[in-house]
Amino acid sequence: MTDLYAALAAASSLIFSFDRDLVEIVLLSLRVSLTAVAAAAIIGLPLGGALALFPFRGRKAVMVAISALMGLPPVVVGLVVYLMLSRAGPFGALGLLFTPTAMIIAQCLLVIPIIAALTRQTVEDLWEELGEQLRSLGAGPWRALWTLLWEGRFSLFTAVLAGFGRASAEVGAVMIVGGNIDHVTRVMTTAIALETSKGDLALALGLGIILIILSTGINGGAFLLKEAAQKSQMS
Amino acid sequence: MTDLYAALAAASSLIFSFDRDLVEIVLLSLRVSLTAVAAAAIIGLPLGGALALFPFRGRKAVMVAISALMGLPPVVVGLVVYLMLSRAGPFGALGLLFTPTAMIIAQCLLVIPIIAALTRQTVEDLWEELGEQLRSLGAGPWRALWTLLWEGRFSLFTAVLAGFGRASAEVGAVMIVGGNIDHVTRVMTTAIALETSKGDLALALGLGIILIILSTGINGGAFLLKEAAQKSQMS
Amino acid sequence: GGNPGAAEDRFIIVASTTSTDNSGLFGHILPVFESETGIEVRVVAVGTGQAVRLAERGDADVLLVHHKPSEEKFVADGYGVRRFDVMYNDFVVVGPRSDPAAVRGMDDVAAAMAKPAAAEAVFASRGDNSGTHKKELGLWKAAGVDVAAAGGNWYRETGSGMGATLNTAGGLGAYTLADRATWISFRNKGDLEILVEGDARLFNQYGVVLVSRERHPHVKAEDGQRFIDWLVSPVGQRSIARFEIGGQQLFHPNAKKEGS
Amino acid sequence: MKSVSSILPLILDKVTFEAGGKRLIKEVSCVLEAGPRSVIIGPNGAGKSLLLRLCHGLIEPTGGSVLWSGAGGKDPSLLQAMVFQRPVMLRRSVAANVDYALSLRGLPSDERRERVADVLARTGLRRFADRSARVLSVGEQQKLALARAWALRPQVLFLDEPTASLDPAATLAVEDVIAAIHATGTKIVMTTHDLGQARRVADDVLFLYRGRLFEHSPAGVFFETPRSAEAASFIEGKLFWRHKEIAS
Amino acid sequence: MKSVSSILPLILDKVTFEAGGKRLIKEVSCVLEAGPRSVIIGPNGAGKSLLLRLCHGLIEPTGGSVLWSGAGGKDPSLLQAMVFQRPVMLRRSVAANVDYALSLRGLPSDERRERVADVLARTGLRRFADRSARVLSVGEQQKLALARAWALRPQVLFLDEPTASLDPAATLAVEDVIAAIHATGTKIVMTTHDLGQARRVADDVLFLYRGRLFEHSPAGVFFETPRSAEAASFIEGKLFWRHKEIAS
């Protein structure tokens, strides 16, 4: 219990001292996770929709694969991206290893299956309701895809938040491809892992509390925006 | 690239040699993740449904909190559970630390917010369609909750799979509360993390491949069961 | 160097171990080097095994670890240019205050480690091929104990970093082998304390190697070499010696004039 | 049923409903007594469905009050049932849809089985009992919705255009069913666009137009001598929107 | 429109449709020519909606064939439109629902704006243009669905009970609208339960019963001298299911 109090104390002292290192880490965390989720949404939403709407051979196999990839361990994604970006790997020349860009790539890969799988389900449910009407109006599969993504935007929002949760929580991938370099690629989760490995559990927990506060802020903000949009379209 | 080939080779040799340690690790992984997800579903499905249906003060705050908790880093969950179960903690007397039970508890906590948040969305969508009819028939909120969970069972299935993905992928929490003790609490993801830190990237990736194969098998099996159930209720 | 361009682009990557970074040593000495040379040092702190692997693949410019045989092999295989001694500290055996195997104060570390094995008192091993783990395996050999046969019974491999292993040892009431730097900076000692120290076999040498540009043309050899030169220079060595936690010096500089 | 005292009369006092910044129901006051079949008529968008949902308690008035004055403290909602204009079916079989409604009233399973079989036979749905309710044709779904509400044996039955999608013979049959239900003492409140049906079924008529209750009179009086000009032209089948819209 | 050659006639050859292990449409063969308004009638569950969906290409027959013999290789689907029995609205405004349909045909935005305004005015929905389509009353939604289909100016317009939820005056107005659409050369294929409407609108009648096409005759012939006993009793408003079900 003392550790929990110590963690709360550590968190509040970090917050109120407005530690410059902490601010840097927080901003990098946000930049990496938000960019990764935005990219993953841009890929995952149409991908999931396409899986729901386009009939092709092996579609079910792809659906199972995507849903299995939700269970992709971050460490494995990290390793694969590492091998690709490593100097000895095919994209080594880009010099992306141990940079925030590498972290964004890894998180994006991690989040795509989540957004795609959840989108598939939502779009499939909407298609059951609207499919015949859209086909009757002459919407081709592509057009139907965009229409259903738009129709389902408020439900899909939750899918994107789930993806953001995964990105902001994971440490395995960014640790490997980012290297947790102080002032360069250290983010909240790698900082937490570092303090844990040092055995400083209170500080680790304190950072965890700050991460949750951040995540709550972002989710809350997004939620209010969604509510406002939903209300305005109701009238 | 050679590393990727080496990984494939490592994976296939592990699989075909039917390594006894590997079997042990795989079985423990399955036991931990499946139990955790089952428990999380039992808690998260009604919880998410209740959030969608029961109006109470602060409901929106709880919704935001749950959705923020999807971004809970496994390490933080691990630390909290660790502090609870450690000898010095409030449940220390149970002697659960560094046992599979501790790992199940940690993963369950990690997965509940995911299942609850996705369930909330699905049940809310169904309520829009069926709500007035159910109220007219005289279904109280509890009964409506169960009815909607049942009506949405095929969509909710995807939510549970997302939770399973998270559980089977995470390493931070089980590492801390399980301790990655060989033959006792070593699971696939902690073994992967270990091989990575040893620098044996090929073996780590090989284990990752096996984990994905496992996860694909489980998702595929679940998917086929769902399809069969869906077909039988269509007629 | 690979990229001598704008000042903020001027950096090297050092693959090192968690013990050096987690203890805060780099946080102490790097600002000195950076302000002197304008070269930023980016430290990727991982297990020794992973650090060597990173350097072999050309993902670091400099390797700084604490397992001499691996470092020498690294040079011999043509991945590294030359190895330099930098500093040392030592390992300690820590265990629960109650000391069920009664090893407190022994000065023969091999004999001391044989006792928990005989008494089947729990011993937590890193089990991760780190420098510390390799050292521990060497000591078991000296003690004549076959840990592979011990299974998960009294010998527990945690497969994690030093701090985490210390935590696990604390939770299990187990003995473990730790490097002194991590032990001193470990802030969650709980019930653990140092039981055995001072044996010459617990000596822990750190070495530094520049990654070969012949093998990896993009390596920033000039800047990397400057860092190595600085580490073994009197200024660098003094900097290392001055790093203390709670009045205790963590690393002892011992660079020779010549690399090995 | 008979043993339970009636929750009626239902008293609407200046009931107003606003949504989307519009006043959709405007100060409607009326009393619906036990006994007579009340039929609400009015053009599309007049607010008939909103008014039924207000009476049934599915939406709350933003002004005024809805009072079941006979309820005397007990919960009136379990003594009502409603057939919606767009029937909503659960994702289960036809029989299970009726059974579900009955299980909500806590009826024992053998009585449920009996009532399910009874209402399905009387609405001509017996051969669909095991079919998934959501693949039924629209008319069949409307019959099922009626069967489901009927099975509940409510004191008050709200029907929102219950025969809109039924074939002529089924429409007459459902009118017979309504008469039979009414004969057991159930209060009927329904809407319809079929003026012939209104004449056949109504004991009293509520004429709604643009959210306002223009008339509430006995059926004979209403159809013979409507008080308002709006009601008169509605009965004649004159088109409000054409005149208003195209002229405007 | 006029410049495009007609995709008609539509030829159904032994069209059969099975689902859930049941044969729901049984070997229906007929030819729908350009010109006359074809009205499909039959009791609930006869298969009218299924038949329209088969013609419109929304579902594939499990036997037989549906052929647009005038199409000559080009895609017939963009020259058809359908008003569903249960209108389905997108989650956007009334005007945007019509506009969306037009945008699918690739019309320029000013022509779209014009057509949207035109059809909304003609169906009395102009004042709802900016309202969310999903809060409209059922009747208003039915009008909107008609407006949306109409705006597409199809060669063939399928209407599945387009006036089921409309008030009497709106029903007559929609019949006028249908006549106007027909006058521009559009083929009308509709279902209705309103026999009066069928008499007013139909040029030829298809009588469907239990998935089988019993008759396809000119309207005058059908209503005066129906060939089958089933059609005769349907016209008289006799109830099939009561006799069949309760007796069985």
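So that you can tell them apart, the chains are marked A, B, C, D and E in the order they are listed, and the count of residues begins at 1 in each.
Just so we're on the same page, a contact is a pair of C-beta atoms (placed from the backbone, for glycine too) under 8 Å apart; a residue touches a chain by one contact, two chains touch by 3 or more.
Everything quoted here is computed from the prediction, not taken from an experiment.
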Per Cα centroids, the chain farthest from chain E: C
Top chain pair, ranked by number of contacting C-beta pairs: A-B
Whole-Å separation of chain centres (CA-atom averages), chain A against chain B: 17
Whole-Å gap separating chain A and chain D, where each centre is the average of the chain's CA atoms: 49
Where chain E touches two or more other chains at once, by residue number: 20, 131-132, 135
Multi-partner residues of chain B (each touching 2 or more other chains): 82, 88, 176, 193, 196, 201, 234-235
Shared interface positions of chain C, touching two or more other chains: 46, 160-161, 164, 167
Complex interface listing, chain B residues touching chain A: 1, 3-4, 60, 63-65, 67-76, 79-80, 82-83, 88-90, 113-114, 117-118, 120-122, 125, 155, 158-159, 161-162, 164-172, 176, 188-189, 192-193, 196, 201, 204-205, 208, 211-212, 215-216, 218-220, 223
Complex interface listing, chain D residues touching chain B: 53, 56, 58, 77-78, 80-82, 84, 88, 90-92, 100-101, 104-105, 131-132, 135, 148, 152
Contact footprint of chain C on chain A as seen in their complex: 86-89, 92, 95, 97-98, 179-182, 184, 194, 196-202
Chain E partner contacts - residues on chain A that touch it in the complex: 129-130, 132-133, 135-139, 143, 147, 151, 233-235
Complex contacts: residues of chain C adjacent to chain A: 13, 18, 22, 27, 42-46, 57-59, 160-164, 166-167, 182, 185-188, 216, 218
